[in-house]
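Shared between the two complexes below is subunit A, which has subunit B as its partner in the first and subunit C in the second.
Our next item is the complex of A and B:
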């Protein structure tokens, strides 16, 4: 907004001098923005419009028919009002997804902030920073299938962790909740997505003027006071961007929740996948629209906390 | 209707092909894009077909549900599909599959009777669900409804079929398992698993629930809403009581769960049991008193196939029924469409082990040469007649499928 306003202001005197040049400038700006708009329209707006349209269509087991009905949405909320206080499937699924969102957000934030802090303030040379960054990306080196298989020997009933705990005499019987449980889902999601917190927070931290920290120390601030009064407020944009990444990814995740939850834990993504597999595209589209609204609400709540344009 | 424009387009295409590529086309081997689940795609078969027929088989591997989805939404993305009979009530009305010309299938009348008529040795088997013989014929080549009597238009030519039952880890289970009700037996709390493919999972659940009493289904493969409600309620109860360790949705997951000992009892596919056993882990494909849940898969052709590709597809299917492929699949534990030609290719001791329920005279090897069973072992479930003859129901898509999927999602979320 601000950018457009200033360029507009700059353009006004120019127009006074030469109308032709300003026309050229506008056209140039338009042309420069065009590729982005084309990509945005073709790969985001258009599919989104199709999804919204289809969510009002009718379907059978093998066909979908253009229509304008609300049945897909009413099906989605079937029993959500009349059965209260018992939660309907949709509410239950969203609550479960939100629960994972909150837990994973907290875990990745604490971990990501700590790692970013270490990388930004304690690691002095660039090569070492790069090396540590690469180490952070290790979870992405393997495919989801490999990771899925790899967790079983570690967390399973006869896995390494249980063997170690029993060997050390800490537990008598294997801990069942290590795998195929809420814990396993949160662990796996944290393992995967901490990097999305580390990168933006690290980026924000690198832009903090080191003189500020010296000044805080000179003014007699303790390490903790410097952290809470100087570093955290200045790293806020990074924290926010990281949070948006993590929240949106976890909201839509169904592979990790499915695999680590032993497919016993519902997620919005899995529901959509099942519906697509059974060719219930309109129902899946309605679900996707609902998910989109939920994610947008979450992001707008986050954005209210920080004015991201100003901070960047 | 041919407009000037489509005519021009056609003419250009025709011109381009006839001008640019006559020589190349004459020599280039035909490539058939073969759509199916990964378990049906044996590299050995593709290789052999290439050698004997000069046809390239290009496998496209997707999940069970995705095969049906691809047929309905992207019928031009394959030349040959290997899909389950139970998907047909959804696939045929879409008009994307063509009725196959029975006169071009050399052994159409030799296809196993369990597929053609639902009988084994003249005895009727269970017909709950979508039994293949109910959906085997179309009323015309481009028909969109099934013919009750045999016609010349076949929907699918069988590739493999089998009877599924519970797989168990005998080394981790005390006592005998003899009924489907064991799946919901609190004795196995936290150590049982079921499929998260709703249409199949609910039938396994129905077998278990009926066996433990309380309900007799009219047709387990085509439940009423009340029956679906009852089944899902019982499943939710079991889930809340911690009966299930995990659900699985593909072959490898089921093998991993069983091999790692996370699960000791679950509904299993025969080759999955074999896969666990080749790792040196005890795993038994346990015959049960209520019978088996059977499935059958077969070749279908997309409506759009024609010319050389269509000829090649028929040639490949005829080759598939001629023995070598049948023997190859038998050694993995599947049953093939034509038993006679399979018997000719298998060694007599192999036939005796796989089909007649006799103790193996020699060590039984897999197609890749790994040891499957040592001499003296008898196949789990016994002979072909014992296994296929004891089929209780077939994989199915219900009339109330939409409602069932919704209730299944409720179960997963519970």
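Our next item is the complex of A and C:
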């Protein structure tokens, strides 16, 4: 009640002032925002609109016709309800993608939180922090394809890991699940995207007043209690932002899953890519819209847990 | 009422690399005393407090509380509690849970710890704000919550790091009275770090003036004000003229200075530089013939019965017993 009253009182003179400054200021503000709007419209809104439009078009094996039909969507879920105890292709693919998503999210969260904690609370000087950050970005110094190929000499049948394991007498035969497997996919994705967890969590942690840690110790909190009662709650915005990054990227990934899975593992991104290869653009578009909805649902669920605008 | 729980520092030293922040200080604070550590910034008062609190390691010497050496104990086992300068309230917890934090750490059940937090909030008159987050509280209210949270562990020593510096002057006066009241009620030792001699004089049973990592003088505030040991203490406490007299350094309280119209009548001849009206008293800056600066404080009525104007020549006089000799140096 009081809040509304004060903000109302504050708003009145502001409105009066903007009234006096009139059109000039408003036009200026619009002009300043214009370049961003153009970029946003040209490279995000327009392609999105085209994708949504095309998803309702008709296609045959040799043509694509503008239309407004729902067949592309119904085809996606063909047999999904009828066969229910058995999963249809779309559901299976989504389930597999979600499984990777969950595994990578968990792995990047644990790793990212630990690294961020180390950087924020144990590294005291800025130059050392910057150095460690640069080390964290090393995976991004080469192209994604080279990064993928580089796993082969390490994890392959005759790779370094298998050679070491056999040399040490731990295993007799090479481990087959190291490469072209679920494990390989999760490993590669974790390796790529941990940084997307580290940065936002580190950012949140740096904003924690160090006196709070002392205050917790003063109140008799053990290290673990300080972590669960002070550090984690206050790092929550960073954890959520990092989670959004990782979930969004992994949901749409097809390259990593393709290469590291030996082209044997289904993923939503992979499906879309295949459909595009067969020039089934409307079907691919419908699939993309579905993926978009799924990702947005996941993000809105995450956002429910924290008010990002207030925390940033 | 007062448990005998003296705090004793024996040769306590704190060094950061080559820099010595606290240089082998000895101090005994008796049970139930309100002690103010006083000094300019960088004098080592905060380091001393943080060493007692256990948030800073002790480089040398011993800290004893109730005759027990606590150098290596974690903060919670020392029987101390600290109130931080920035209050350090947990931003994600409301007032009640902030106060109940230490009980939660001990594993006290939710209902009980909340009930006890409310009792403590009552002591600082903050029960009405129990459900608010720290950001929804004013500076003074945050401070009361910080005080309640610190007292929740039933400490035998409460450590306060410049607790009033973030408040406006009006609130500062009120909180000062409140701190004193709570300290008397609980009968525990308060160690209060401040750079304000006014705060120390208003609060302390034992005022400790520090400079360059050493204790320059300790004692009741009145003793420090009337018998400063060095020119530094006199300057720091304020209200003193520091003069050279026959090769000795002496101090003279500004309110003991007497002025007369007859420039020849006093011990020094001086010119009035400027006059500052301060309400109950009037503050005059003087320049003596020898070029020394002096200050005189006159009661308002005395001054206005025969006011001086800037530029007037005056005779400066004082009673010989008001001259107090101090040690040279810091």
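By definition in this document, the second predicted complex is superposed on the first by the 291 of 312 C-alpha atoms of A that agree within 3 Å, B and C clash if a C-alpha of one lies under 4 Å from a C-alpha of the other, contacts with A are read in each partner's own complex, and residues count from 1 in each chain.
In this text, a residue touches a chain if its C-beta (ideal position, glycine included) is under 8 Å from a C-beta of that chain, and two chains touch if they have at least 3 such contacts.
Computed from a prediction, not measured in an experiment: that's the story for all the values here.
When both complexes are overlaid on subunit A, subunit B and subunit C end up sitting side by side without clashing. Counting the residues of subunit A that each partner touches, subunit B and subunit C differ, and the larger count belongs to B.
Contacts of A:233 after superposition on the shared chain: subunit C is touched, whereas subunit B is not. Of the two partner chains placed around the shared chain by superposition, subunit B is the only one that A:264 touches, whereas subunit C remains out of contact. Rounded to the nearest 10, the angle at the Cα centre of subunit A between subunit B and subunit C in the chain-A superposition is 150°.
In the overlay built on the shared chain, the residue A:223 is in contact with neither subunit B nor subunit C.
Judged by the touch definition given at the top, the superposed model places A:212 against subunit C, while subunit B stays out of reach. Using the contact criterion defined above for the overlaid structures, shared-chain residue A:149 touches subunit B, although it does not reach subunit C.
The superposed arrangement places subunit B and subunit C with a least CA-CA distance of 45 Å.
Contact residues of subunit A toward subunit C in the complex are 209, 211-212, 214-222, 225, 229-230, 233-234. Of all the residues in subunit C, the ones that touch subunit A in their complex are 53-55, 74-76, 80-82, 84-86, 88-92, 101-102, 104-106, 149-150, 152-153. Within the complex formed with subunit A, the residues of subunit B that make contact are 63, 65-66, 68-69, 72-73, 89-91, 93-94, 190, 196, 198, 239, 244-249, 252, 256, 260-262, 397, 401-402, 405-406, 408-410, 412-414.
Every residue of subunit A that touches subunit B in the complex is listed here, in rising order: 61-63, 75, 78, 89, 92-93, 96, 145, 149, 152-153, 156-158, 176, 179-180, 262-266, 270-271, 274-280.
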